[in-house]
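Chain nomenclature is as follows: A, B, C and D, assigned in order of appearance, with residue numbering initiated at 1 for each chain independently.
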Amino acid sequence: MDIKISEVKLSEEQAGKWGLVIDQDICTGCQACVAACAMENNLSFVGEEDSGYGRSMHWIRIERFWEGEYPEVKMTPNQPMMCQQCGSAPCEPVCPVFATVHSEAEQLNLQVYNRCVGTRYCANNCPYQVRSFNWRDYERPEPLPNQLNPDVTVRRRGVMEKCTFCIQRIHQAQDQAKAEGREVVDGEFTTACAQACPASAIIFGRVDDPESLVSQLGRRSHGVKHLEELGTLPNVTYFKGG
Amino acid sequence: MSEKFSRRDFLKLAGVGAATTAVLTGCGPASRYVKREPYMQMPEYNYNGQSTYYATTCRECAAGCGLIVRTVQGRAIKTEGNVNNPLNLGKTCARGQATLHGLYNPDRVMDPLKRNSRGGESTEVMDWEAAIQVVADALKNNKPEEIAFLMGMAPDHLFDLATDFANATGINAPVRFGALGMFEARATLSKASENLFGEASLPFFDVGGAQVVFSFGANFLETWLSPVSYTRGFASLRESKTKQRGTFVQFESRMSQTGGKADEWIPLRPGSEALVALAIGRLASESRGGPMPRAFSSVDPLEAASKSGIKLETLEHLAEMFAGSNNALAIPGGAALGQSNGLAVAEAVLALNAISDNFGKPGGVYFSALAPNQAEYQGPASAKEMVELIQKMFDGKIKVLFVHGVNPLFELPTSLEFGGASKYVSQIISFATFPDETVREADYVFPDHHGLESWGYQRVTTGSAQPVLSGAQPVVSPYYNTRATADVLIAAAQLAGGIFAEALPFKDEVEFLQSKAASLMNAADGSISAADINTFMAYFQQHGGYWKLSDARGIPNAVDVLNRNFSAEEAQFEGEGEFFFVPFVSPTLAEAGANKPWLQELPDPTTTVMWNTWVEMNPETAHELGIENDDVVKIISEAGELEVPVYVYPAIRPDTIAMPFGQGHTAYGRYAEQRGVNPADLLGQHFNEAGDLAFAGMKVKIEKTGKKQPLSRLESMMGVYGIGLGEE
Amino acid sequence: MTESKIVDLLAVFPDLEPAADAIEHLRSIGVHDGCMNVISGIPVTEAMLGRPSQWTNVPRIALGGALLGFGAGFFLAFVAPYLYPYPIQVSTQSYVPGPPAVVVLFELTMLGMLLSTFLGVFLDSFFPNYRPMKYVPEVSDGKIAILVECPYGDEMKIIDALKKSGAESVRPAEAQHL
Amino acid sequence: MAEKKNHAEHAHGEEHLRKKHLMLDPLPRGQMNAMVMESMHTTSWKFWAVFGLLAAITAYGLFYSWGVMIAEGLGVAGVNRPAYWGIFLVNTVFWIGISHAGTFISAILRVFKAEFRRPFTRAAELMTTFGLVQAGFSIFMHMGRVWLSYWLMPYPNQRMLWPNLHSPLSWDLLAITTYLLSSTMYLFLPLIPDVAMARDRSTGWRKTFYKILALGFRGTEGEWTHLRNAMNIFAWAIIPVMFSVHTIVSWDFAAATRPGWNSTIFGPYFVVGALHSGMGAVIMVLAIVRGTMKNMKYFIRPEHFEAIGKLMLIISMTWAYFFFNDYMVQWYGGDKWTKQLLHFHEAGPMGWMWFVMLIFNVAIPWAVLWNRKWRSTPWIVFTVGLLINVGMWFERYIIIPISLSINRMPFTWRLYQPGIEIPLGIGTLAFFILLYMAASRLIPLIPVWEVQEGQMAHELKKYGRETVVTVSELE
């Protein structure tokens, strides 16, 4: 097999790279993305006790802080946090069984559920703290399982999971395009969170395509990539606006 | 962002994409129900791994957003917004997303049931023949005026059917009610509209087109009127690509999710909204120069400043901001209207718009477009009208009450005594899909299909420039032994015979829908048209409804607005406590979301609390009272008391406490029952001049209980509030 | 000597000195060093008894094991990553990461070396060995036993030499179950 | 000391020295053998009561609770986001730390020919092996899907999936396996002559047991030579393995991107920390063995506590040095998250733990161990050892779950509250003691041959009027 020791490519032009642009100025914090993600990706709900103990399974969460004190108090712009699909992900090398790896085709950070043995090292090493662990087999009483998306694996206890950029949708669109003998068109499909977002604060697309909406939006000034200083090469660009 | 590619274009493109990848399937003209077929005769779109997409309407609130539901092998998998529906343009809110957890909820009513004694657990399963006989007997054996329909807020086909039925038979006209309408104070909005513009319409505020938006209590990013559409408007207000970024100022005593997005958040004293609005009007008029309009001439800004607790400089600065823009918009709503002077607030705030003279202009105030088959705006019942119904029940004038789509025992304040009145009604028949509090007090429950299993349409009341009739069709075959309420009524009417049978001369629900849609078939300016009704209905289902292609928003006649006198009176507050009490609708749960586990697990947008109720309290107040986070306090109003854990909330007035409405169910399935408390239990019988409940017009007392109940929060108390990090 | 009989004796000495004397004595009467074996309860060095150095393979086996371990480490670190059906990329690290390879090489080399050292003891000493053997339990009480096993004409002469040197007892060595 | 000597003491100097030093107080080998054999055979009802109690705790705390956790998932433990690692890994590091003392004593002291080590090398090595067993238990408990733990092993499989050697956890697996195997072998090699001794004076099942263990060892010149060579190789080679193990354990943390963890000094800091708790544990074990087992007062004397106490003092100082080094650099770096973390360590809700750690690990050892008399007193050093172990456990607790509470995403900060970790942790402790108790009655705890060898090498020599101990190099 001809495998060369990979060169570290740091550029946005990495072929096949998907990314998100999030406009915090128009994000209203309405949680539609969170609900959409849960429905699309078969997330378990964990109940009051576990969710209050940092064990909720949200793949995307909306952070908000406070600035100042009453009456000059302000809520900081809502900040949806999900897996940033780092180009150089700290979670990947620490997994002893290759359960989380970099995908060359999509330039995403994959989580292989059936390979995961549950050391949780990846979650510790994730600077964004966006990984959820299945602490238990969470109950999903009949007939709720009817709703489960057949394109997404249902995870059992002891397995790490995280946002996938709805990779099942990426593949479906690619397969469809291939069957029709064309390229995937920008905007042809999107992630569950971006699709639901009533404010269209989340935009998804190919960052390697300079013509895509996500690239055009990403080129606006004042875009921020979180914790970029760690060299993680995140694929999500934030605009605080205001 | 380049000029040639706007977000709207992107959405359009996304729509085209959705149409190509997901071929929207309307049911063929002949098919009325999705059927499960044996594997051997599977329709081609039901092959393994193939998804089928159906357009329908979201029934989680009355807004009427269009949905596209992805189904795989007869199971509904995911809801998405219908890109073609002009109301929501492919977007949904969290509740729309979670509607599948209602469809496949383990606690639904699975069969028609007879309850052996009201309030009791024991029920008997009936068959549908017997159930229809019960309804027919109820119709036959009572005088028409002793029969009443209580329905949900949505102006849907069932409401039309009930209205036609009532008109033809002389039974009471159906009453539509919902807690959302109560907390939105819809009646106040339309009444103010009537007083100011001479037309009792629901105003529509073009947030997206405005440059400066002043909102007086309107929680338009949460549950107010049409959240998805208003959120889209907010996004274009902020969009900096095509124009300057719009400014948004929120006046409210407790920072709502909407207020959290404001550039300036003005915590005014509850009850002083009208005064502040008029004062801003005065200062803005001064800043613009010219003669002082009569509307604002009598108000004293200094008095407004002192009574509202806003600094005069702030008022002046805000007035200048308002006056400085030709595209300034003022919106009244929410708790500001739920006070004794709510109508005055609504009028004063609407009057502010006269300064920028934005009526009927982009970025201004319109009348909401009426749905295609609608003659005039029909608002849901106000709380006062509900009291009239309740009084009739008390008086024994109502012998049979049909309840559909609403849970009055939970949604109405306890003090209005719906529960007490229901004891005087000899027969209560509920058509609920879910065993809620009202079902428990009903003699029968004849479960309707879930919204995703049913036919129908729903008029879009507001939110879209175009008139929209959102269409619904079953996306899956009914999971349980349920039956469409329309079918039950039609069958019962046939069985009852006489005027009843004549009133509903339909074979079934679908025939009724067709009769209603027939007038749209070849109407001008329609999104679809067809030569025959079957084809038209197929298009109707396929596209998720029918809408006009042009803007049909009404233009308020605002000629006299500035020459009127406005009341600057402050609100009266009932009760003896030291705290203003502000109940607000939980943005994620709303009135009927508590039974859906994933909605329960969604963090509240402002507090990030999940699965429970809390009371918000200013840190300073909490410190003075010696109260910490998670301490359970007793809140005592003149109408009742309840115990609830405290969330020390940095963005609320020290003299105000606030509680979300949505939890506190005693029935409603395993995920809702015995969880949290219902602030409606604290509300008294006070109304504003428009008949809406003065839900934010009370003062309450707080007592410590010494108990603790940790709230389940997504946020970190350490990281967000620095609690538990140790002293610096 | 035409007829040589196999002398097979086991003498027990109370201490190091007499045992060393006896060995010298035996050597002086022509008993070859290779016919003698010393059994002791503590490690007495060859020098103490004036015996030739013992040959041991343990260090060589250890070295061999170390090489094997290094090979295993080399395989894991440098070969295995190329055996995957497809390349697995983690982060931006190369398929064969440098510093971690050092760790793997070190650990497996040490593991190989120590395992083979242990095995070396087994191989060199023919462990485990549960057959009957010539032994006296007094050895573990601190006595030193000398096992003489050689073709020699005069058995008495050897017994005499042993006794003279201070042996507590001299008896025919009999293999027994330990 | 010398200046305070009076004449009477001087006169009894020689006797005094003999009484003090095991190496100068030889007994006939046979008698020592008998003493050791007797100590193995003597069990009181108290022994069995404790043994039974520990067995019950092990059965419930370790095996039953683990079963529950495997069936229910890690939700029954206290781990959460962001403290994904909790007491399981605290215990893993703690037990690996304990295991370092055995190697330190029997390898480093052997290489440096520190003669006081002789009577308790085996007692310390047993701790190494049994401690590593507990570390293994703890690390397997920690896994979400322990039934798939064999996927960490490199083995050929049809999909050619090998473990990810980029991961410090893979290195951990290699290093801990290497260390467990080699320390077990290193425990076994010097044991062979002693089980041969036991074989020679046992009957019944014990005879069979020792016969199997002794492998047919007689004590021939060849056997001794091979053994000595092997032990020599082990003594040298196991030292770097020992260092590597705890260094790699430290890399689990240091290689991560987390504030407070990403520190280059973690390797030696952890090694010294391991020795710190290990020596504390050794001294506790020796005090208990001396106090409860028959004839042990002869073999284990105040001089040994004194010597280990001295080592403990030095290690405590070294630990303090590394701790301060780490703290200073982290503090000075000024990264806001690290500063927040350091503040949280000291002033957060678990801040008391940070101070207790420093008191137990530094203040108390320094205050007590400088005094020769105190550090020769078994109960005092026992107490100090206990406190050091508590302090070192706290140190790992601070490094793992408490540090995990603080990260770069303040929205997720959250405290860790242990759940089933507590019975499981107590279970490993009980199992450790249980194994040790069983071993103390099954294998000779004192390497008699090594003691005798040492006693041969030691003698008193007079220099002028001073009598001193001299030791000759026998090898």
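Going forward, a contact is a pair of C-beta atoms (placed from the backbone, for glycine too) under 8 Å apart; a residue touches a chain by one contact, two chains touch by 3 or more.
Being a predicted model, the structure only gives us computed values, none of them experimental.
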Ask   = Which contact partners do subunit C and subunit D have in common?
value = A
Query = Looking at A-D and A-C, which one has the bigger number of contacting C-beta pairs?
reply = A-D
Request  = State, to the nearest whole Å, the distance from the C-alpha centre of subunit A to the C-alpha centre of subunit D.
outcome  = 44
Query = Between subunit B and subunit C, what's the gap in Å when you average each chain's C-alpha atoms?
reply = 90
Request  = Can you check how far apart subunit A and subunit C are, centre to centre, with Cα atoms defining each centre and the answer in Å?
outcome  = 63
Message = Using Cα averages as centroids, what's the distance between subunit B and subunit D in whole Å?
response = 67
Remark   = Multi-partner residues in subunit A (2 or more other chains touched) are 53, 61, 63, 65, 90, 92-93, 95, 98
Query = Residue numbers in subunit C touching 2 or more other chains?
reply = 81, 83, 88, 90-91, 93, 97
Query = Hey, what residues on subunit B touch two or more of the other chains?
reply = 714-715, 720
Request  = Draw the chains as points, connect those that touch, then say whether the picture is a line, ring, star, complete or other.
outcome  = other
Inquiry  = Looking at the complex, which residues from subunit C come into contact with subunit D?
reply    = 37-46, 48, 51, 54, 56-59, 62, 76-77, 80-81, 83-85, 88, 90-91, 93, 97, 100-101, 103-104, 106-108, 110-111, 113-115, 117-118, 120-122, 124-131, 133, 135, 137, 139-142, 147, 178
Remark   = The residues of subunit A that touch subunit B in their complex are 25-26, 28-32, 34-36, 38-40, 43, 45-49, 51-53, 56, 58, 61-66, 69-71, 73-75, 78, 141-150, 172-173, 176, 185-190, 192, 195-201, 203, 213, 216-217, 220, 241-242
Ask   = subunit C touches which residues of subunit D in the complex?
value = 28-30, 33, 154, 159-162, 164-166, 170-171, 174-175, 177-178, 181-182, 185-186, 188-189, 193, 196-197, 199-201, 211-212, 214-230, 233-234, 237-238, 240-241, 244, 248, 449, 452-453, 456, 474-475
Note = Listed in rising order, the residues of subunit D that touch subunit B in the complex are 340, 343-344, 346-349, 351, 405-406, 409-415
Remark   = Seen from subunit C, its contact residues with subunit A in the complex are 81-83, 87-97
